[in-house]
């Protein structure tokens, strides 16, 4: 996609966050890599219903808006920039405070892989990254370092919320939707007992099939 | 219904899964028997909002698309095919990862029959079937064998999700909706104590009335 | 309201049950007294989206459809009839299996009055009535006898669901909406401890104010 | 905003309460200060879908409708009036019985600050105020006195619900939305363990950044 197409795609994906109830008020954001040295991101504090393709803020890889930007980028811009700089395979990043996932994050607890749908999408547990201050690079650093040891495109940041990554912004939004879905199901399952673990070999098999054979 | 009508019906029923919040992203599927040797099923990984009557994939009883199919069928196609081959009374099959039902499935726990609405629709507990790999016939085999000992049109597959069956695809969707509804109510009831059991005779009486006297 | 107006009102109120998520599939029903010897009620097993003013079934006080009825009434018709015969002050009756209220009912537990909103609408606890078979008069009898000792227009029927009554069908629907709302809030409160009781004098004071001074 | 603009704004904000599911039936209300001696508030017991700019009731600072008012104001009018009289910085007040926040209020328990989103918006815990009778000034007094010791624009009133304040009615509605969001997340987190506390210095840092650097 070119920049114009990505601006439209980002606008639509922010509506998906609203429709899937992953965000409240102006919290949360999606970004998309446009080129080696540019990415687009949600403006800071703008209500979802007012977002347009034009309101997405074009930034350089240090998270600074490029010259002709009218709006300030999301205050999470430096976390997104860090991810794009260190992960050239990543085309999209999503951040939410989705309810159940954030409830795990507040306890500093990873979500164990006890569902086939988790093995499919995450290839194992969804890990927790460190507590880090908003507005600097520490969050980005925590994301990249924690995800190195996992197949999961989602990470819970302690006492904060969720970040997801993907080859495209749509893939990252999918990971955010599925992360909340499994966070909720495993939470509920654990309320009345202990969910059974999946065998590591079964997780591998499910992950391989889903990543390679699922879809068109 | 003829094939064209079933294609329209399947499209509408997939929207019902979305409206009743039984599915996330592209997960879940509905199929419909068209004839002794054919059934229609959702294509793999296609977003719900893009499903059309034409996108439903016509398959033979081994789960292979017939010649003129443009799309790949759901990766659960072999489970559906197995059910149709072994249960000639079945006209529709539904699969979801609906949240509360899947929470029971992750613990390998059947849902006890403690509500009149469960006696009505399921005639007893909703059982759990074995853990089985996606993409082969094991899931279908687990469904058919487990449901033999029950009146329930719904089964929880361990660590996975829900399958429901019915004389028509609409009846199977109804069972999927009611399964999640009672899974949620019984879950909540058990959070603060133990729901009272229903007497076996009362379950029989309620089931008979609902199956034979309810409706027009 | 005359019969035509009540048919339109009942149709709208059934949509309110759907919009407030108190019902799943075809479960639940609303009825309205038309005259001393007649009431209107939802037809049995008809999907909510197909209900029209014409589809409401006019019944006599024994729950038998009057001559020109094309559709069978709800299988709960005898419960409604019993209430109308024994409570001439009642103009509307609602039945649902709303989730949280039914979770209390499955444990045979009354909802304690620990919220000002409960004191306002229910004037005390929401009691539980006996287990009773669907399709006869036992449910109606259980409703009338149990509510005699309470100010609450809502009752939980054991292992079954909720019935509410009101001077009009709209008042009964309001009671059904508020019953689920407080059932959920008190459930959640008790999950993490014990809600504080309200003093009996405070409950009386709140109830009197709400019944007499609230509204236009 | 002038009075006409505030009437339109209040009408829209009441719809926001409905869309964000913070209110059931006619419960809840928003008010807006118009001038030093006037504020607008929701009429008592009027359904949300019938609210219009004209139906908002203009009151003086004792909570009495001014001469030309056709509708009675909310029965919470004296609580709002008390807040406006004692807090000249406040331009809007919101009251709801939102589910999770009210569940904390029923136990007389403050919501601990364990999420960055809580530090951002509330600058610490969300406190609980005293039990107070509806219809007088005690609620307003409880709000003002309790919030004196906190940065939070939200307060839980014991056994009752939530009040929020803001420089504008929109800011107060935002606080009501965020209050329910964090009440739910912290509730869920505590169901399966104990959320980690945030360090006081981190809370201060997050609050300062959000209040001063976030947004456009």
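Residue numbering begins at 1 within each chain, and the chains themselves are lettered A, B, C and D in the order written.
Note that a contact is a pair of C-beta atoms (placed from the backbone, for glycine too) under 8 Å apart; a residue touches a chain by one contact, two chains touch by 3 or more.
Composition by chain, UniProt nomenclature: A, B, C, D = L-ribulose-5-phosphate 4-epimerase.
Remember, predicted model here, so these are calculated numbers, not experimental data.
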Taking each chain's C-alpha mean as its centre, the one farthest from subunit A: C
Same or different residue numbers at the subunit A/subunit D copy interface, by half rule: different
C-alpha-based rotation, subunit B on subunit C, 0 to 180 degrees, nearest 5: 90
Intercentroid distance (Cα basis), subunit D paired with subunit A, Å: 31
Centre-of-Cα separation between subunit D and subunit B, whole angstrom: 44
Touching two or more other chains - residues of subunit D: 191
Topology of the chain contact graph, where touching chains are joined (line, ring, star, complete, other): ring
Contact set on subunit B toward subunit C in their complex: 20, 114-117, 174, 177-178, 181, 184-186, 188-189, 191-196, 198, 202, 205-206, 209, 213-216
Interfacial residue positions of subunit D with respect to subunit C in the complex: 24-27, 43-46, 71-72, 75, 97, 99-100, 102-104, 106-109, 131, 133-135, 158-161, 187, 190-191
